[in-house]
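Take a look at the structures below.
You will see subunit A twice below: alongside subunit B first, and alongside subunit C after that.
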Partner chain A sequence: MTLDGVEPIAMDFAGAGDGRERGLAMLLLSMADDEFVIGFSDSEWTGIGPILEEDVAISSLAQDELGHAQALYGLFVDVVADGRDADAIAYDRPPEGYLHARLLDHPRGDWAWTIARRWLYETADAARLEALATSSHDPLRQLVDKLRREERYHVMHVDAWLDRLANGGDEPRRRLTEALAAMGRDAGTVLAGLPGETALVRHGIIAEPFAAIEARWRAVTSTRLVGLGLPALPGTADPEHARNRHSEAFRALHAEFTMVRRSEAGATW
Partner chain B sequence: MVMSSRHMALGRVPAAGVTRVRAILRTVHDPEIPTVSIVDLGLVHDVRVGPDGGVCVELLPTFVACPALEAIRSTVADALAGLGRPVEVTFVRTVPWTTERLTDAGRAGLAAAGIAPPSAVADVRCPYCDSADVAMDSAFGPTLCRSLFYCRSCRNPFEAFKSV
Partner chain C sequence: MTTPPLEPWEVFRQEKDGSPMTHGGSVMAPDATLALHYAREMYSRRQESVHLWVVRRADIHDLADPDLLQPPLDRSFKKPGGYVMRDKLAAARQISGEAKPRAKAAKAR
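Now for the complex of A and B:
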């Protein structure tokens, strides 16, 4: 993956030495940004969920992701140690400095779109966490142990919704199919290769290259989709730019989630 | 010097042993579940009393994003303030809180509050009538740590603590 000259991290930070810290920083920031962006985006459903129980559920999912993002940003600042805290990382970068996957550049859309985006993301994230379960970076392995216990409920919940929409009659199925078709070519961006990935594998920070994780995820998700009578996922479009060149929809979201920070720096509640 | 006189004053207070600190922690309850202490909930990871008498309490968050952490931390600090010792309360993230950390008293306390104790989804029983004829409405309830169930036997909706 190239970054078109964008430097989301000051890549010359102390300790960037043999590539381990640089790769680790890139991994942590991309994961944190993924969780932060989908968490903030799905929190837009709070108060307007399709039914009360689902309003509560999607809000809980979003809350979980924001907490996970906060913990991952915390690990990131410990590695980079450039004086910025987790809030500064979360809120003070320009839109082009975020490293979330292109899948999450899509807006939440309607309910079918939200479910399709979340199902594609949760299944990929679960595969990524599995590959980090034995990580040599102790703080990451310990956090991943915790995250997997919580994310299990996310996958279970969104997979039940996938089934419900796929078998819910003409309109839900049509909307789901359209959403999967529109986002399918971006789904693999969550597991696209990262700069510095070779060092991550060499140091045992991640169990195997992203290409291997992606292949296994693709096989499992395609089996599930085909089993529901839906098309298998298409190949990933432009994997070289999986985590940059963000959309107008993300720029609007960014303007929203940085609003408080921009208008009242240091605000807490 | 102000500091040394304060230390001398503290020196006259009987040492607050770990046992005494733990006894006080038993009086601190989950902010939303008044029938369960944070000890029985398994939140207390470690209690240490330093040579200077300073108390350090390490807690585990049940869920990473739990918004009640600050409330729990300040309640613990307030409860220990009577010891007249420096108190430090921190959350530890290197060890996961798991369902197994709940004590039997904690499980009974959850049931008394109308919340089914954590178990495999297929083994959840109604906290009101003990029926196993229950169905999960939603994995996500009013807090991150609870799911929504319905009892087909006594027709009560109820919550179950998530198993993690």
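Now for the complex of A and C:
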């Protein structure tokens, strides 16, 4: 499988020689970028949350994700070993160089939209982390053990909100339904196949192919959504371009999160 | 179901295993689940607690009447202050001829 647009970045993995390391680098970078982009995007709620308590809660979740991204970028730079540090990976790439899933190209939108996006992402991320819990790459397995303990609360919290929006009267339900309908066809992009995935499965880095992980995630999310009287998720649109060809909304976000870093290239902060 | 109104919940936290639950503060939440989530964010996100309780403030029964809690008449005779154990123990030791036991050494930490 090739993802055009991804390949030139994959070629940059100078230290990542064989199939195992290239696949591992791709996996780590895609996970790190997912966490980084949703973390930064949801941090926009700081100061404008619906109530003070939720403002603190969503900001805390967003910070957790940035912390997870930092740890994953750390593992990535250890594998690639091309002299770049985690900050350089996080901030110094052009927008087309990011490997986050298309689901996260959607902006945070209103509160129902943020909850829908985060619920779709958290449930998919939980399925992915489960498949990495017995990874043969020791640093990843050890990190995943910690990530899962934090992510369990993320799923609990966002699922509590999904329930409240679905059952919270006409307007919350309408907004939630619209958001799920608009993002549903991009939700599966978090679990779309990665180039180098065959090597990852062969070397025991991930327990099973992404197609199998996605099938389990679909079963769980369908049960939950149908239980709330909402439609199950549609199939993934254009899975070949799940992690490239980013949106205008992401380009705007990228311009913002790189702004300070770009203001003085090479500065020591 | 429509969205229930926000109401105050009192948060109690235990700092470490074996410590008493102490009042930490309060959060606003529409229900117990979110009250616990918010209590977790406010009172334990930096590992300050090992156990949390939330109690709907409306469920707390209140008594703060000074006539009931701080009676105005002198009832010091009800207090055991006049009954000094030290003197009675010293008298008993004298009768039995026993020495005063040494103070216990401070517990090693």
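Quick note on the criterion: the second predicted complex is superposed on the first by the 249 of 269 C-alpha atoms of A that agree within 3 Å, B and C clash if a C-alpha of one lies under 4 Å from a C-alpha of the other, contacts with A are read in each partner's own complex, and residues count from 1 in each chain.
In this text, a contact is a pair of C-beta atoms (placed from the backbone, for glycine too) under 8 Å apart; a residue touches a chain by one contact, two chains touch by 3 or more.
All values reported here derive from a predicted model rather than from experimental measurement.
Chemist: Kindly say whether there is room for both subunit B and subunit C on subunit A in the superposition, answering fit or clash.
Modeler: Overlaying the two complexes on subunit A (C-alpha atoms) leaves subunit C and subunit B clashing.
Chemist: Please work out whether A:169 is in contact with subunit B alone, subunit C alone, both, or neither, and reply first, second, both or neither.
Modeler: A:169 sits against subunit C, while subunit B stays out of touch.
Chemist: In this superposed model, does subunit C or subunit B come into contact with more residues of subunit A?
Modeler: B
Chemist: Regarding the shared-chain residue A:157, is it in contact with subunit B (first), subunit C (second), both, or neither?
Modeler: both
Chemist: Which of the two partners, first being subunit B and second being subunit C, lies in contact with A:56: first, second, both, or neither?
Modeler: A:56 contacts both subunit B and subunit C.
Chemist: Kindly classify A:145 by the partners it touches after superposition: subunit B alone (first), subunit C alone (second), both, or neither?
Modeler: first
Chemist: Thinking of the overlay built on chain A, is A:66 touched by subunit B (first), by subunit C (second), by both, or by neither?
Modeler: first
Chemist: Considering only the touch criterion stated at the top, classify A:179 as touching first (subunit B), second (subunit C), both, or neither.
Modeler: So A:179 meets neither subunit B nor subunit C here.
Chemist: Would you please give the residues of subunit A that touch subunit B in one complex and also touch subunit C in the other complex?
Modeler: Comparing the two interfaces on subunit A, one with subunit B and one with subunit C, the shared residues are 53-54, 56-57, 60, 153, 156-157.
Chemist: Per the contact definition, I'd like the list of subunit B residues that touch subunit A in the complex.
Modeler: Residue positions touching the partner: 63-67, 93-98, 137-142, 144, 148, 162, 164.
Chemist: Quick one: which bits of subunit A touch subunit C in the complex? Just the residue numbers, please.
Modeler: 51-54, 56-57, 60, 153, 156-157, 160, 164, 167-169, 172
Chemist: Residue numbers of subunit A touching subunit B in their complex, please.
Modeler: 53-54, 56-57, 60-61, 63-68, 70-71, 138-139, 142-143, 145-147, 149-150, 152-153, 156-157
Chemist: Inside the complex, what are the residues of subunit C that reach subunit A?
Modeler: Against subunit A, subunit C makes touches at 1-3, 6, 27-30, 33-34, 37-38, 40-42, 45.
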